[in-house]
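Each chain gets a letter, A, B, C, D, E and F, in the order it is written, and its residues are counted from 1.
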Amino acid sequence: MARSLDEFRSYRTRMNDRIAEIDHLGIKRFFNLDAAAYKDGALDGKTKELIGLAASCVLRCNDCIDYHLIQCVDLGCTDGEIVDTLNVALIVGGSIFIPHMRHAVETLDALRTERSADSIRKDNTP
Amino acid sequence: MARSLDEFRSYRTRMNDRIAEIDHLGIKRFFNLDAAAYKDGALDGKTKELIGLAASCVLRCNDCIDYHLIQCVDLGCTDGEIVDTLNVALIVGGSIFIPHMRHAVETLDALRTERSADSIRKDNTP
Amino acid sequence: MARSLDEFRSYRTRMNDRIAEIDHLGIKRFFNLDAAAYKDGALDGKTKELIGLAASCVLRCNDCIDYHLIQCVDLGCTDGEIVDTLNVALIVGGSIFIPHMRHAVETLDALRTERSADSIRKDNTP
Amino acid sequence: MARSLDEFRSYRTRMNDRIAEIDHLGIKRFFNLDAAAYKDGALDGKTKELIGLAASCVLRCNDCIDYHLIQCVDLGCTDGEIVDTLNVALIVGGSIFIPHMRHAVETLDALRTERSADSIRKDNTP
Amino acid sequence: MARSLDEFRSYRTRMNDRIAEIDHLGIKRFFNLDAAAYKDGALDGKTKELIGLAASCVLRCNDCIDYHLIQCVDLGCTDGEIVDTLNVALIVGGSIFIPHMRHAVETLDALRTERSADSIRKDNTP
Amino acid sequence: MARSLDEFRSYRTRMNDRIAEIDHLGIKRFFNLDAAAYKDGALDGKTKELIGLAASCVLRCNDCIDYHLIQCVDLGCTDGEIVDTLNVALIVGGSIFIPHMRHAVETLDALRTERSADSIRKDNTP
């Protein structure tokens, strides 16, 4: 992976803070609406994140794919659920999605490694 | 609506039959893969149809939106679940999706009318 | 033109009203943000409408093109300004935009005819 | 088909003439470059039209698909060559292309009917 | 930023020179048309660059965003004008544009730093 | 070039292997269909690769462009044929394709250098 998950997270936070600092009312409201769209509603947050992942896949945006994968894993999606979502995206979006599928699988593997390191660390706490 | 649901269904069936008749192995296999992608798996068919709907929304294809709405309604999705999906698509895809959202809501209304006509017809059966 | 300007306007109003009736908070807020984005700010409303027109052109959405053309003409854009915008969109977006350019010019002609009918009507008022 | 081949041809010619009349130097030059791109070169015109067809398919523009299909048939492409091109477009572009594939096959059938009517008419000339 | 402004400029110049060297008439003419599209006309160059920026934003091309930002800053656009343009692009293009908005703001900051270094250097000339 | 041809090839192979390992039937079948689409048929493999290249260009995917360029060069396409394909993509897809054209020409140059190193090595075999 060209860029680690932590590099992605810190770049994202730093630039989102910088955008907030610009203090454009329309942009700030859009960011709030964006966050609100994935909260539990008629659909639960987990399903909405899978939907957001699929939308990011067919629109072929690696940063958006990484962001939604992080959310999916945090909300407890299984690998099977995520791979089924990637498969629908592959059928709808075609082979032009394949390079992004490679990226998505690489990110998912990195997230699982991170999680497993986390749980090992927790196991070791005396 | 420029075209009724029945016109859409019969045009779709007629042309899919015509494409099948061409008998191109790659195309036939793709159509099979496409159908298989929405079957119950790690995710159930209903969730996959909502994902397919969202993907069709952000890629802005009215015929695909209509097709997935028909499937969603057939599989028992509520209006709330469908509208939440449209909302995620609106946030991800932006205002360029709005004309397709108008189309989607019109189709959903037509599907509900059709269903309610169905149930009235059933109620009246002696 | 497949559909008159008045048909477009009444369909758009009717379906936007229907969407408002659904009363989804996220969707309603998005529609408000959308309207606000074209108000005078650091850039005046007219320039923002030309920008919205160009964005609609390269994303190839005829309904969005029609909407922004109506706004551009209402705000006093000249044909020269609009055609320069279409030219930038043609260069950025390529020949795939040409069918939408045909649509845009047809709509612009219809808007000018409407305007000139308006001014003739006003001249005739006793 | 919502619109006959002749309606497409006459609308296209009428609006291209109208655009030429606007006399914008950049737009006129683009139209010339566009025409020149499909002339025989390192690749022959027929291969370039198949390439233009595939590009129009994955960018999902029905009018562009119709235009390139007319050119492909005029330059002697076989149904097999055209269907192979549609298949590559289907793989690259995914199921979102399917509604446009239906349109493409309908147009191709109409073009073959037209051709066969032509040849019958020629056979009947005394 | 993964790549400095100077790296972008030198890569762009080097590869445009390489493309010119290939000496393909159609490609050379397209590059000329592209340059001409942003010259003063019915719209001034500055407005055209903002339009080009918005088009690049909604089509989500970081290199095109960087190029038009350089032009916008060179032609004297204020931060307010540029941010208003990004806001229209965000509304039209949706959250899928956000990673590119982060990139755009980072580039704009780098351009302002460059400019201020320039003016400090000028102040120091004896 | 940010990434050498060999880095691209090894990353692609490694991640495709990882995706195969996931063993999702739909995804595996899609990869097979994808490979089959470029085999000799009514159109020969070389023409199909040029078509795949053009589709990748207008959809603006650098990894897909690189992959099809490798195939085109392996199947004996001349620079003239490839550049004609890039020109059609430029006309259809517009200036937003230009950064990807720079990438494509850089990759093509790297492929020719690789080939010429190959043939020098072969000449030197005793």
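Quick note on the criterion: a residue touches a chain if its C-beta (ideal position, glycine included) is under 8 Å from a C-beta of that chain, and two chains touch if they have at least 3 such contacts.
All of these numbers come straight from a predicted model, not from anything done at the bench.
In this assembly, which chains make contact with chain D and also with chain F?
A chain counts here if it touches both chain D and chain F, which gives A, B, C, E.
Are the interface residues of chain B and chain C largely the same numbers on each copy, more than half shared, or largely different?
Copies use mostly different positions to touch.
Pick the pair with more C-beta contacts: C-F or A-E?
Contact tally favours A-E.
Could you tell me the distance, in whole angstrom, between the mean C-alpha positions of chain C and chain E?
One centre to the other, that is 26 Å.
When the C-alpha atoms of chain E and chain F are each averaged to a single point, how far apart are the two points in Å?
Spacing between the chain centres: roughly 29 Å.
So what's the Cα centroid distance for chain D and chain E, whole Å?
From the centre of chain D to the centre of chain E is 35 Å.
Where does chain B touch two or more other chains at once, residue-wise?
In chain B, 26, 30, 33-34, 37, 55-56, 58-59, 64, 83-84, 87, 90-93, 95-96 touch at least two other chains.
Quick one: label the inter-chain contact graph as line, ring, star, complete or other.
Basically all the chains touch each other, so complete.
Which bits of chain B are touching chain C when the two form their complex?
60, 79, 83-84, 86-87, 90-91, 95-96, 98-99, 101-102, 105-106, 109
Per the contact definition, I'd like the list of chain D residues that touch chain A in the complex.
58, 90-97
Give every residue of chain E touching chain C within the complex, in rising order.
33-34, 37-38, 41-43, 47-48, 50-52, 54-59, 64, 78, 80-81, 83-85, 87-89, 91-93
Okay, in this complex, where on chain C does chain B touch?
Contact set of chain C toward chain B: 11-12, 15-16, 18-19, 22, 24, 26-27, 30, 34, 55-56, 59, 61, 63-64.
List the residues on chain F that touch chain B in their complex, please.
Chain F reaches chain B through residues 25-26, 29-30, 33, 36-37.
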